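Each of the two complexes below includes chain A, the first together with chain B, the second together with chain C.
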Partner chain A sequence: MTLLELQRRMEQDVRRPLTAELTMQPRTTEGESMDEIAAAYIRPNSELTSFERLEIYNRQYWFRVIGAVSEDYPALQALLGDERFDALVLAYLKQRPSTSWTLRDLSAHLPQFLEQHAEFASEQHRLAVDIARLEWAYVEAFDGAEIEPLASDELAKLGPESTLALQPHLRLLAVDYPVDEFVLAVKKPEEKAVTSGAAQLRQANVTTTLPAMAPEQRYLAVHRYDDVVYYRTLEESEFRLLKALQERKTIAEAVEIIAGEEQVATIQQTFALSSELGWFCHPTI
Partner chain B sequence: MNHKTASNLALAAAFAGLLSGTTARLNAQPVSGHEAGVSGAAIAAGVAMTAQDDQKLPKHSCKGKNDCKGQGGGKNAGKNSCKGKGDCATDGSKPKN
Partner chain C sequence: MPANPFNGYTDYGVGIGLRVPHYDHILSRKPVVDWFEIISENYMVDGGRPLRILDQILDQYRVVQHGVSMYFGSAQAPNRDHLRRLKDLVRRTGTPWLSDHLCWGSVDGRYTHDLLPLPYTWEAVRTTAERIRQVQDFLEIPVAVENVSSYAEFHESQMTEWEFLNEVVHAADCGILLDVNNIYVSSRNHEFDPMEYVNSIPADRVAQIHIAGHSQFERYTLDTHDHPVLDPVWSLYARAIERCGPTATLLEWDDNIPTFDEVHAEALKANRFLQPSNVEEAVA
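Take a look at the complex of A and B:
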């Protein structure tokens, strides 16, 4: 067996899905014995068989990738509960196995996957999808690129037919539930100070109270400012305006979408806020 | 008000907003040697999505590293940390007490 063959063999064995009891499969899907396969390239020792030594890698691989996905969706996990969430993650990873050098991208398609698989959230499906979308928007806002915002001399050159790009880390979401409140309750649990009378020791007693969710249309801008991820709720007209600009419509076209006597103040406010936060940058990037 | 007038007003509002927002942003730049305060832009940014203590932590700091903490691996399946307990040792050795 060459080194390349050995690497491919082990990759195949390590990435093979676990049993329901989270142990290594005793046989491959082709019916080959994993005892025999492991023995062919892993030496046993006094403590462990070849199978058991390989199984450690197999299980660690899956625990790591499951953990990586779970880390991105704590609020979704809180909504679904551990059992349903674990089932969702395993099904997702089966369809979307890791193909990138970075685990950062592993859970990128979970919102779309959940969208197509209502069975994992049953009657909470729409809510679950919205939570997943917001949590992934957080990941993208956290490490999305930041481009130098337009400077005042560059703004002076803009006209109605100019296009503007929005910062890559800015994510605009239309959701059917106030999921920002739900995600915030999970990500920012309420801290209660507990003081010990004798030692005056302060302990943080972190409690999470999940808010009840009823359908309510919301428009959110998730973005990074000064290395911290924030969200803002937007009016529908603000959202539509920014969305049009993000889709590279010209300023005149974007403004036209919501133009009307009553919208002048909204337009001015949206452009002011966006430029104050540095959201506008060169469209060439 | 006809359509063209409304469009012109809307465009004027857009450019007025662009200029005022940019001016506000430039005026909010931190001054060297001064403690950063809460600027208007920081307020405009909205609601921070993580607890204060978590904000500066690198996300996925353990991803890609050979640290089994919290992954529940080794011979003890589940969610318990196996770091430092020898459970990750692939030769089956036991942790030293």
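Take a look at the complex of A and C:
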């Protein structure tokens, strides 16, 4: 067995889903015995069989990747409950194993996966997708790039044909539920404290009542300010104007999108807010 | 031989891993710490708090980078985006050397995010040494490879783990990050004498030493980094220092992380062995 053959064999075995009891499957989906497969390339020792030694890696793989996804989606997990959430994550990771060197990217496609698989959230599907989109937007806003915003004299020089870039960490989301309230309710008691003496990291012992969610169209800006991620509710017209600018439309084209009675007020309000928060940048990125 | 080509001729003392729960304590209290080890991947991001904190730490402390996903032993070439980002971080931190593990973890573009053991074969020696050389040349700083804890061995192996390590570092002309806790954990799982391992490594290539805690189960031992360092590991450490001389030492504590002061106090126990006059007494 060459090095590459061994690594392909072991990778396949390590990523094979666990049983409901969190043990290694005794047989592959093709019916092959995992005892025989493991024994073919892994030595037993006086305590463990080849199967049991491979099983340690198989279990660690799944505990690690499910743990990583759970960290990114605490609100989605709270909505679905552990059982449905685990089923979702397992199906997601089976279809989309990690293709990045960093675990940070592991759950990037979960919102799209959930969008295409309503069965994991049944009647809460739309709400679940919105929560997932907001939680991933948080991850992107948390460590996305930040570039020098336009100074006031540069903003003053902008004309109708100018284009702008928005801060790379800014995410604009249109959602069908007020999911920012839901996510914040879940995140608040999740804050952890370092203990002394007992040397244990414990979840704060707080019970959370999750807010009831009724459909309500909401427009959100997820952005970072002084290293903290904020959710800001926007007016629909503000959202559409910013979205157009983010898509590199000229200021004239973007303004055209929101033509109407409120146009002037929206433009003033959006530019004031974006300038204050440093969202406008040179369109060279 | 504390300073050698494999740690950039530095003479670092006892460091601890930089971990998120300790950020506020470190930045507000500014404790005296010889150096911090960072997990490179945690700071290979585009912006935000991780990099802001890192820059504040760099203003006041010496930092050494330690990676978890280079996978020197993977049969296929390293990821270019990973290498580019790693080099950017090397420039930012000024790390005098960089370490990652003697293991594999990815194949055909899929990543397990685990430190999987290698078969100790001549093919693996050649492949791994070539990868290390490529990375070392690209990053332009010394690279040290760390022995991993493992729970499986392969029929294909043609030599012991320590013979494999020696062959790889010689062929790659790189340093060793000697993890004495990993040696102990693997010795329990693979039924070898850990002292023979420590006695067999080329002492002049040891750039750094890791110490950590582990968990002993009924039928195997797990590398958990969630306990103080246990006595058998201190014994291996004492022997390693006896062979290598006072060497940059780092305590890893990654789970159930206690207060900064508790972690630092545990790390500073290494000084019993690092002061040459104390070695004899500590070993006894």
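General remarks:
One rule holds in what follows: the second predicted complex is superposed on the first by the 260 of 285 C-alpha atoms of A that agree within 3 Å, B and C clash if a C-alpha of one lies under 4 Å from a C-alpha of the other, contacts with A are read in each partner's own complex, and residues count from 1 in each chain.
Quick note on the criterion: a residue touches a chain if its C-beta (ideal position, glycine included) is under 8 Å from a C-beta of that chain, and two chains touch if they have at least 3 such contacts.
None of the values given here were measured: they were computed from a predicted structure.
In the superposition on chain A, A:48 contacts both chain B and chain C.
Looking at the shared chain after the overlay, A:124 reaches neither chain B nor chain C.
Of the two partner chains, neither chain B nor chain C is touched by A:25. By the touch criterion defined above, A:103 lies against chain B and chain C together after alignment on the C-alpha atoms of chain A. In the overlay built on the shared chain, the residue A:227 is in contact with chain B and with chain C. In the superposition on chain A, A:145 makes contact with chain C only, while chain B stays out of contact range.
Of the two partner chains placed by the overlay, only chain C lies in contact with A:10; chain B stays clear of it. Applying the stated contact rule after C-alpha superposition, one finds that A:158 touches chain B and leaves chain C untouched. Residue contacts after overlaying the shared chain place A:188 against chain B, while chain C stays out of touching range. Once both structures are placed on chain A, chain A residues 45-48, 52-53, 56-57, 60, 64, 68, 102-104, 142-143, 227 are touched by chain B and, in the other complex, by chain C. By the touch rule above, chain C contacts chain A in their complex via residues 21-22, 41, 44-50, 52, 69, 73-76, 79, 81-82, 104, 106-114, 116, 118-119, 121, 123-124, 127, 151-156, 189-191, 219-220, 255-259, 262. Chain A meets chain B in the complex at residues 22-23, 45-48, 52-53, 56-57, 59-60, 63-64, 67-68, 71, 102-104, 138-139, 142-143, 149-152, 155, 158, 160, 180, 183-184, 187-189, 191, 221-223, 225-233, 251-252, 255-256, 258-261, 263-265, 267-278, 280.
Contact residues on chain A toward chain C in their complex (touch as defined above): 1-4, 6-8, 10-11, 14-15, 40-43, 45-48, 50, 52-54, 56-57, 60-61, 64-65, 68, 97-104, 106, 142-146, 168-169, 192, 194-197, 199-201, 224, 227.
Against chain A, in their complex, chain B makes its touches with residues 1, 6-7, 9-11, 13-26, 28, 40-42, 44-51, 54-56, 59-60, 63-64, 68, 70-75, 77, 88, 90-93.
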